[in-house]
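This is the structure I have questions about; it appears just below.
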Amino acid sequence: SGKNNTVIRIGVMPDVDSIPLIVALNNGYFKDAGVDVEIHHFKSAQERDSALQSGNIDGAVSDMLAAAFAKDGGFDVKITSMTNGSYKLLVNKDAGVNSIADLKGKNIAISANTIIEYTTDKILENAGLKSTDINKVIIPQIPTRLEMLQNGKVDAATLPDPLASEAVKNGAKLLGSSDRLGINPGVMVFTSDAIKKNSKGIKAVYEAYNRAVEYLGNQPVTEYIDLIIKEAGFPEDIKGSIQLPSYTKAEIPSKEDMDDVIDWLTSKQLVKKSYSYEELVDDEFVR
Amino acid sequence: MIEIKGLTVRYRQRHRCFLALDNINLTINNGDICAVIGPSGCGKSTFLYVLSGIIKEYEGNVLIDGKHINASEQRIGLILQDYGLLPWRNVYDNVTLGLKMKGGYKGDTEYIQYIVERLGLRDLLDRYPGQLSGGQRQRVAIARSFVLRPSILLMDEPFSALDAITREEMQDLFLKIWNEYRVSTVLVTHSIDEAIYLGRKIAILSPSPGRIIKIIENPLFGTEDLRIKNEFYEMEMEIRKIIRGDSHNES
Amino acid sequence: MSLKGYFRYIYAMIGVVAVWYVLSIIANLPIIPSPLNVFVNTYIIFKAKIAIHVMYSIYRIFMGLILSIAIGVPLGLAMGYIPRIDSVMSPVVYLLYPIPKIAFLPVVMLIFGLGELSKIIMIMLIVVFQIIVSSRDAVKGIPEETYYSLMALGAGRLGIFKEIVIPAAMPEILTSIRVGLGTAVSVLFFTETFGTKYGIGYFIMDSWMRVNYLDMYSGIMILGIIGLCLFLLIDIMEFLLCPWKQ
Amino acid sequence: MSLKGYFRYIYAMIGVVAVWYVLSIIANLPIIPSPLNVFVNTYIIFKAKIAIHVMYSIYRIFMGLILSIAIGVPLGLAMGYIPRIDSVMSPVVYLLYPIPKIAFLPVVMLIFGLGELSKIIMIMLIVVFQIIVSSRDAVKGIPEETYYSLMALGAGRLGIFKEIVIPAAMPEILTSIRVGLGTAVSVLFFTETFGTKYGIGYFIMDSWMRVNYLDMYSGIMILGIIGLCLFLLIDIMEFLLCPWKQ
Amino acid sequence: MIEIKGLTVRYRQRHRCFLALDNINLTINNGDICAVIGPSGCGKSTFLYVLSGIIKEYEGNVLIDGKHINASEQRIGLILQDYGLLPWRNVYDNVTLGLKMKGGYKGDTEYIQYIVERLGLRDLLDRYPGQLSGGQRQRVAIARSFVLRPSILLMDEPFSALDAITREEMQDLFLKIWNEYRVSTVLVTHSIDEAIYLGRKIAILSPSPGRIIKIIENPLFGTEDLRIKNEFYEMEMEIRKIIRGDSHNES
């Protein structure tokens, strides 16, 4: 792979999807691949997207919905690969809920019009419930959602990892998750600008990414958990309990997954038009 | 009766204290009028601040009818040198402020009417102090204290902003009211005429720090057409001499 | 205000829009849409999508502000007037004011639930300190001499409060309400994002998340207009409450 | 301040901690940790984990505040003094003040990038309006008569500004700086969360995301103390800037 | 020369206008002193506000040396009825404020020293106005206007807060300065004595709205020991009559 002098700036959030990138940076894989990568940490999706839209980062660990929204909002971004993450529907242990069917009429904390709501709907749908069967309570901030769940202010909540693991560790019950369903809406996006200017560099990023995935598969968790806690901003006490997803080498998202997300968005009238797979996905990097 | 014994007042400044009044001894009988004169800055206003309970830190004893000053128990009518009107109250409310504070003014409307009339404030009742001339403000302050029917009346140069003729009318109004109610009065003035006309007693203070140089029992009190009398002229000369310090050994 | 005054208002608005327009042209990015598009969009979606949010927000602003005033003004005035209260409460205020209230969102939600009350409480928690500090300083600024006539009348604390402290501090209390109002409106975006789907703060945040900048700017514009109207309301209140100032 | 005054400060602190302690006992939840644990935790982590954040935050607060004062005070005073400026600028301020500045994060990032400048600009955007409104109202509150002697001396606008407007408004300018300071500190948690790994706002947010409430409360406490110190600094400034008030 | 022709001033109130001065015509020659007397609230202060450029909305013409009033070109010394001191400036800065505004006071230090001394302000130079007595404040205001060496001196009851003796000293100081610089002066006063002693011309105003009833060329101006002279007494009686309106047909 050739030398690249332009930096590639990638925005990440404190979630499990970003771990391969953090490992790659820490282990020097990017350098080995001949690309200069900066990882910018954000605490909320809004900040990450603002940075992306204002051109302060070239790409981000994101999700299909955010990508579709960006496209819909007039920003030329492309999904370049899937990432491995997990969104979990959890119930408070005292809520008297043992199966998804029991959730009927209960309060579920989510964030509206996000991957969280999408996943929740999918999990419910899969168990034969409609999204109107339950009472959605909007709590955008993840730690606050966790707290409301743990203190019984809501019966259930959908959380991403690592806070989902934290909740489980503190006694919440796992009812369903995106990986159990086999859906995977987490993706990596790059702006078309960045793709145009530096496609070589992005290729190199994936080279390093795949090396990191390999490393994550080979090494015991104990080897890198401290790094993750420090760099990704994970809770200290998930050390023994966290179930990291089995990371896969970068690949493009499946068409069904993508179409399903777009269907969901259009049915809720959240996007102005229905986007095709090709409009959203650029498969040149991880073919 | 107002008894003042060894009254000493200091103002605190940044680094030091400033002695404003030094060992004042004075007794004012019930129904008496004591005029206080003295050079600018000698502590006359300070003296009234003490008597009206505004300044609470002082040395010495000040007793009103044998009791310590307590503005909420006594009915003190105070005319401040800068009038002390409330800018956010119109003339009528400023005039009746004292009555209101002392609990209602039912039955007093006629008297209020009368005082307002005599002080020429009738057309100004709904103005705010900011819309009045200096003399008009002073008259509002006078009205406020008169209307209160105070048991003690403290007046700090109450007629200083009034023209000669209005001033004489006000002096006579004051005498009329005093004759009716015999209110114990302390009148700070810088006019020797006024002190002689209105003071039954005249206390003369020294330049700062204020000490009492002399207390004169004034035989000319209330005399009409004072200024054409010879005694008046002699008295004035005497007071001037005392103030100038020519007569130190006399005091 | 004269006719000329109204014209100035309009000129000012035109100025803001012009700056915005120029910015949108220079940037040529969806994050700064052209004001014209935003106006059209607002016109289209107002009735269907924005009006309901406005109602909710105005209610919350009002309640939050009234609660803040009800707590902040008396406490601030008392602190300004009675040194002993000040010396106990000032450090408390100084310590609590700078604390980011959003960090206490979970605690507030635990105590007051997920409904309206906790939103109003959040507004109050943010605004009340500004009002306390301003009211306190207003009283401290009253010249000593102002109290003299009432002291001589032996007025009690209550009388002095009513006759002097409140009217003397009134213009600055109104200032503090203005400041509080601006703040209350501008924090809607995080007091209205939980436990509700209504409120202009929610609308803005949601539009933002959906990268619908046209909607977002429509919401922002509406929020600005709400604020402007409430500010004018306070200006009228000032006119009525301080007649001696004219 | 007398020794007694200092004691009151300490009593006040003890009061705050006591309330906190009682709350923590009643709640018995990690989200309201006991103050004692927080103190111990702060002591342990301060040097290693917090000190560096404090430096960054203080720098940003200072810069943001100074920028806000540099823009807000002159503009506010000019608006208060010259009615023509007021009638043009007031509606602009009234319109822009209530707008949630966080919604402009993309624009700010676009223009100023992810670095220090955009954080300082964010603080300024939030604080400057409070300062403008307070300064303007301060000047409007100056009684007409105050200007008379300088008008008779034929003083120009500059002279009147220097001799009257600024000193007369100084106490309220200081109030507005107090209010601005409190706000500047309390918004750190969202001005410091992008493009940086330093700052006490970042530290609090980070700890929160990590569900490390002990660290979070340590950060909040430190933030409160930073605020308290800065407030006391302003109190001292007031003492020096307004000698005629003593 | 100050020429005032048909000067009419109205104050705007909430719903109506208040007529304060009505058709004033007056000419004051260079180096002249015009004393203005009239009942409280007749518009004397308003008159000075116009002359000093504070009130800019009026009807009629006011020309100073043929030019319209422009406070920044003329050197106007103004003593306001409420002194007009800046609370945030100490006594020294208040005294020199005028000089500073008019561009520096190099070379004037001796004169400043002299005035400060004569007005008894030497020990007060670093105090703030809030720490002064009423009379002391007034003396600061006097010092400010004297120190400026104004070309026009406007004084609004400048000695009202001073005791009799200080007041006389100040009057003499004023005369001394006037003799030296022959500054055109308008002196508003409510003391008829003072008007006779200090006014070369005496303008008498009617009660509100202020109109000029009479302008007297005063032969007794500057006479020493005025009060023991018979002419003084006669003059005073005459003025009183005019003010009371007894002599309406005369005017």
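Each chain carries a letter (A, B, C, D and E) given by its place in the written order, and its residues are counted from 1.
Assume a residue touches a chain if its C-beta (ideal position, glycine included) is under 8 Å from a C-beta of that chain, and two chains touch if they have at least 3 such contacts.
In this text the structure is predicted, and so the values were computed from the model without any measurement.
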item: Graph distance between subunit A and subunit B, where chains that touch are linked; value: 2
item: Number of steps on the shortest touching-chain route linking subunit B and subunit E; value: 1
item: Chain pair, most C-beta pairs within the contact cut-off; value: C-D
item: Separation of mean Cα positions, subunit E and subunit D [Å, integer]; value: 49
item: Inter-chain centre distance, subunit A versus subunit D - centres from mean C-alpha coordinates, in Å; value: 36
item: Subunit E: positions in contact with at least two other chains; value: 82, 130
item: Contacts with 2+ other chains: residues of subunit A; value: 46, 49-50, 53-54, 143, 147, 151
item: Sequence positions of subunit C contacting 2 or more other chains; value: 29, 31, 106, 110, 208
item: Subunit D-facing residues of subunit A, complex; value: 14, 40-44, 46-47, 49-51, 53-57, 142-143, 146-147, 151, 163, 166, 229, 233-237
item: Of all residues in subunit C, those that touch subunit B in their complex; value: 145-146, 148-156, 159, 163-164, 167-168, 170, 242-244
item: Touching residues (chain side subunit D, partner subunit A) in the complex; value: 29, 31, 105-107, 109-110, 113-114, 193-195, 197, 205-206, 208-212
item: Residues of subunit B touching subunit C in the complex; value: 49, 52-54, 70-74, 76, 78, 80, 82, 84-90, 97-98, 101-102, 128-130, 144, 148, 154
item: Subunit B partner contacts - residues on subunit E that touch it in the complex; value: 11, 13, 37-41, 43-45, 81-82, 120, 127, 131-136, 138-139, 157, 160-167, 190-192, 240, 243-244
